[in-house]
Amino acid sequence: MQHLLSVNDMSEDFMIEIWKDSLKNKDNPSNILKGKILTNLFYEPSTRTSSSFYSAMVRKGGSVIPINNVKFSSVTKGESLEDTIIAMSNLSDCIVLRHPEIGAATRASKVSSVPIINGGDGEGEHPTQTLLDGFTIFSNNNLSLDNLTITFIGDLKNGRTVKSLVKLLSRYKNNKFNFVSPENLRIPEEIRPKSCFETNNIDEVLERTDILYVTRVQVERGSSHDYALNIDQLNRLGKKSIVMHPLPRVNEIPKEFDQDSRAKYFDQMKYGLWCRMSLLEKILS
Amino acid sequence: MQHLLSVNDMSEDFMIEIWKDSLKNKDNPSNILKGKILTNLFYEPSTRTSSSFYSAMVRKGGSVIPINNVKFSSVTKGESLEDTIIAMSNLSDCIVLRHPEIGAATRASKVSSVPIINGGDGEGEHPTQTLLDGFTIFSNNNLSLDNLTITFIGDLKNGRTVKSLVKLLSRYKNNKFNFVSPENLRIPEEIRPKSCFETNNIDEVLERTDILYVTRVQVERGSSHDYALNIDQLNRLGKKSIVMHPLPRVNEIPKEFDQDSRAKYFDQMKYGLWCRMSLLEKILS
Amino acid sequence: MQHLLSVNDMSEDFMIEIWKDSLKNKDNPSNILKGKILTNLFYEPSTRTSSSFYSAMVRKGGSVIPINNVKFSSVTKGESLEDTIIAMSNLSDCIVLRHPEIGAATRASKVSSVPIINGGDGEGEHPTQTLLDGFTIFSNNNLSLDNLTITFIGDLKNGRTVKSLVKLLSRYKNNKFNFVSPENLRIPEEIRPKSCFETNNIDEVLERTDILYVTRVQVERGSSHDYALNIDQLNRLGKKSIVMHPLPRVNEIPKEFDQDSRAKYFDQMKYGLWCRMSLLEKILS
């Protein structure tokens, strides 16, 4: 049985296989998971992630038990995460778990009789986000993740998305990293590549950026910094550059940039669907 | 691509086609929407409308992503309606949108890559309610919407249901309108047909009513008027008259009238399912 | 049309048929309920029961309308249970109703045009729980429910689970009952079999127990008694004994007992799925 708990669980071969399958099949419906049931077990709300898995499972012919209100459920009767997981693994063939605590997915995997997919565990990991982020770069960069200059901007301290993507891109060759944030929201030392450039001024690095990865101001995680880009800044990016964002955005990127061919943040939603379809097929069939 | 935002989007031919299809196919299941996904995106709760679309989509072989708790979702992270719509239109083939603000469905249609069906936008419109209301009259009046005397009773000021149905029936020939309400809940002037009768006493018009359309006291919209009918009043309606109500009712119609052959308000639910099945097939296949 | 409102609605033959079918088909998917729709109408949260019915319906090829937030729905607009039931019975082929009031399912059955399954009505009944409890004993006791010594421990006053299972087991031959609880949580007199043993000390009966049925401390029903078993006590049970629990548990049974072959409480979840699959097929096809 194959769990997906961390970016570390995904080898290069594993990802390349999923990405190539995603490019080939996109969101074409199939019946390969007919009769299979996925549980979307969300202890925190995430319409985007839960809907993406929902759609992916259904497009592959399967069904989904949507549990989006765990706080209204038996958990309020004092049940442990482990007992809930054992119960749901008796009712379904796979569980996507979103939970506010780091390590929750790993705990779940130790008692589950079906595969666990980590759909985000607090400040921990969210490997399918990294899978789709990687695919966005892969499919917009001639099927390669090498020789890139990637600029991350925003709250680089608290978000798991940036940490996981840095981890992924560090595996590949000749990538350069720029980190743009205020002092108090710098990327943690244990994640920061040895060779990188840190600044609090995006204008210093815009022209030499291939991938601009913008993150939301994570107010609910305790930061309050506003780091909005304007259209003039975005237009200074190279013609082949791309702009990514894990969404939801607040005001980090202006709406008028949405139609620009370099804007890939809504494509990421579509790519996420494709990758999750391929992933579910790989894990479940 | 065909959105359904307003009663104005439905021509007579469009409606007749849906109604004839509804009469023919009723709720017979089919597989024509197999592999298709509908998003039920409800910013306001409406078990009735969301369940009706859910059932309609499934009876046609499709699937539904149920999003009934938007307040617990990414919207609480400050995401705009437009961004949510773009995201969900990347994950599904059609979106039913229920939203508390007038014009929300129109805004959604401007950014969506898939058809938007307005499932109610505040005081604005709710076109599939009008579609099923029209069908109720159509199927109980020899497939015609002409030559009728229609009496509306209740809060005629705030409810979108009445306004839309008046708009629809005004298109047809020789219809007469009675509006029964207290002074402060009269039908707005811009909706009121030139020739109509207004009163606050239902007894003045009961005998000469073909369609009695009763509306709920919309307490949550700021009115507090109680306008309950009793069984003696209802029995004074003609034998071929019908009584309609968009539901939910509180005490406007007594339960003892439910078994009367003139009571059509629960049939409206069934008709709504049929009409939405035909509509989804028309829009999506 | 066949409702399932109470344990009294299930004859021995009815149950044996379901149990034999469950043993034969387990959770093997089929398509027999293709095109059929179940409404999960939950006025109280119960992730476990609603997910079990959801999975059962889908494994049989059908679909489910999940209504888990009735407090956010039209009910808040003052609609009666009866009107909601009539509406949902126009949209689906069967309704599982969970409601906080005794008798709610019976009220629902009087107006519904489709079968009602009681998914728990307050202190009343929860017949499918009894069905799976019976199956757990049946399948672990050579397909018989006779000649057993059953010990119930915990809050025996407020829980419907115990009452219904006692009722069921009283139908069979030569069963002996032990009831272990504090004085103020004794089993009600109208349920208590004429011949039984009552105590507040589990150690008096452990060695001569075939079935140990442990119940949760129902804090939300007003009791506060802690009645946790330890591993030494559980190990004094006979080798062929089994330990059951309706779940969720808090601390009544220690986790270290979970791997013991006598622990059947997680199997009960699995058995519940099998029994509900057989039941839905029986009622709907």
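Each chain gets a letter, A, B and C, in the order it is written, and its residues are counted from 1.
Note that a contact is a pair of C-beta atoms (placed from the backbone, for glycine too) under 8 Å apart; a residue touches a chain by one contact, two chains touch by 3 or more.
Bear in mind that the values here come from a model prediction, so they are computed numbers and not experimental data.
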Cα-superposition angle relating the copies chain C and chain B, to nearest 5°: 120
Interface residue identity across copies chain A, chain C - same or different by half: different
Distance between the centres, which are taken as Cα means, of chain C and chain A, whole angstrom: 40
Chain A: positions in contact with at least two other chains: 63, 66, 69
Of chain A, residues touching chain B in the complex: 29, 45-48, 51-52, 54-55, 58-59, 63, 66, 68-69, 216, 219-220, 247-250, 255, 266, 269-270, 273
Of all residues in chain A, those that touch chain C in their complex: 34-35, 37, 39, 63, 65-67, 69-70, 72-79, 82-84, 86-88, 90-92
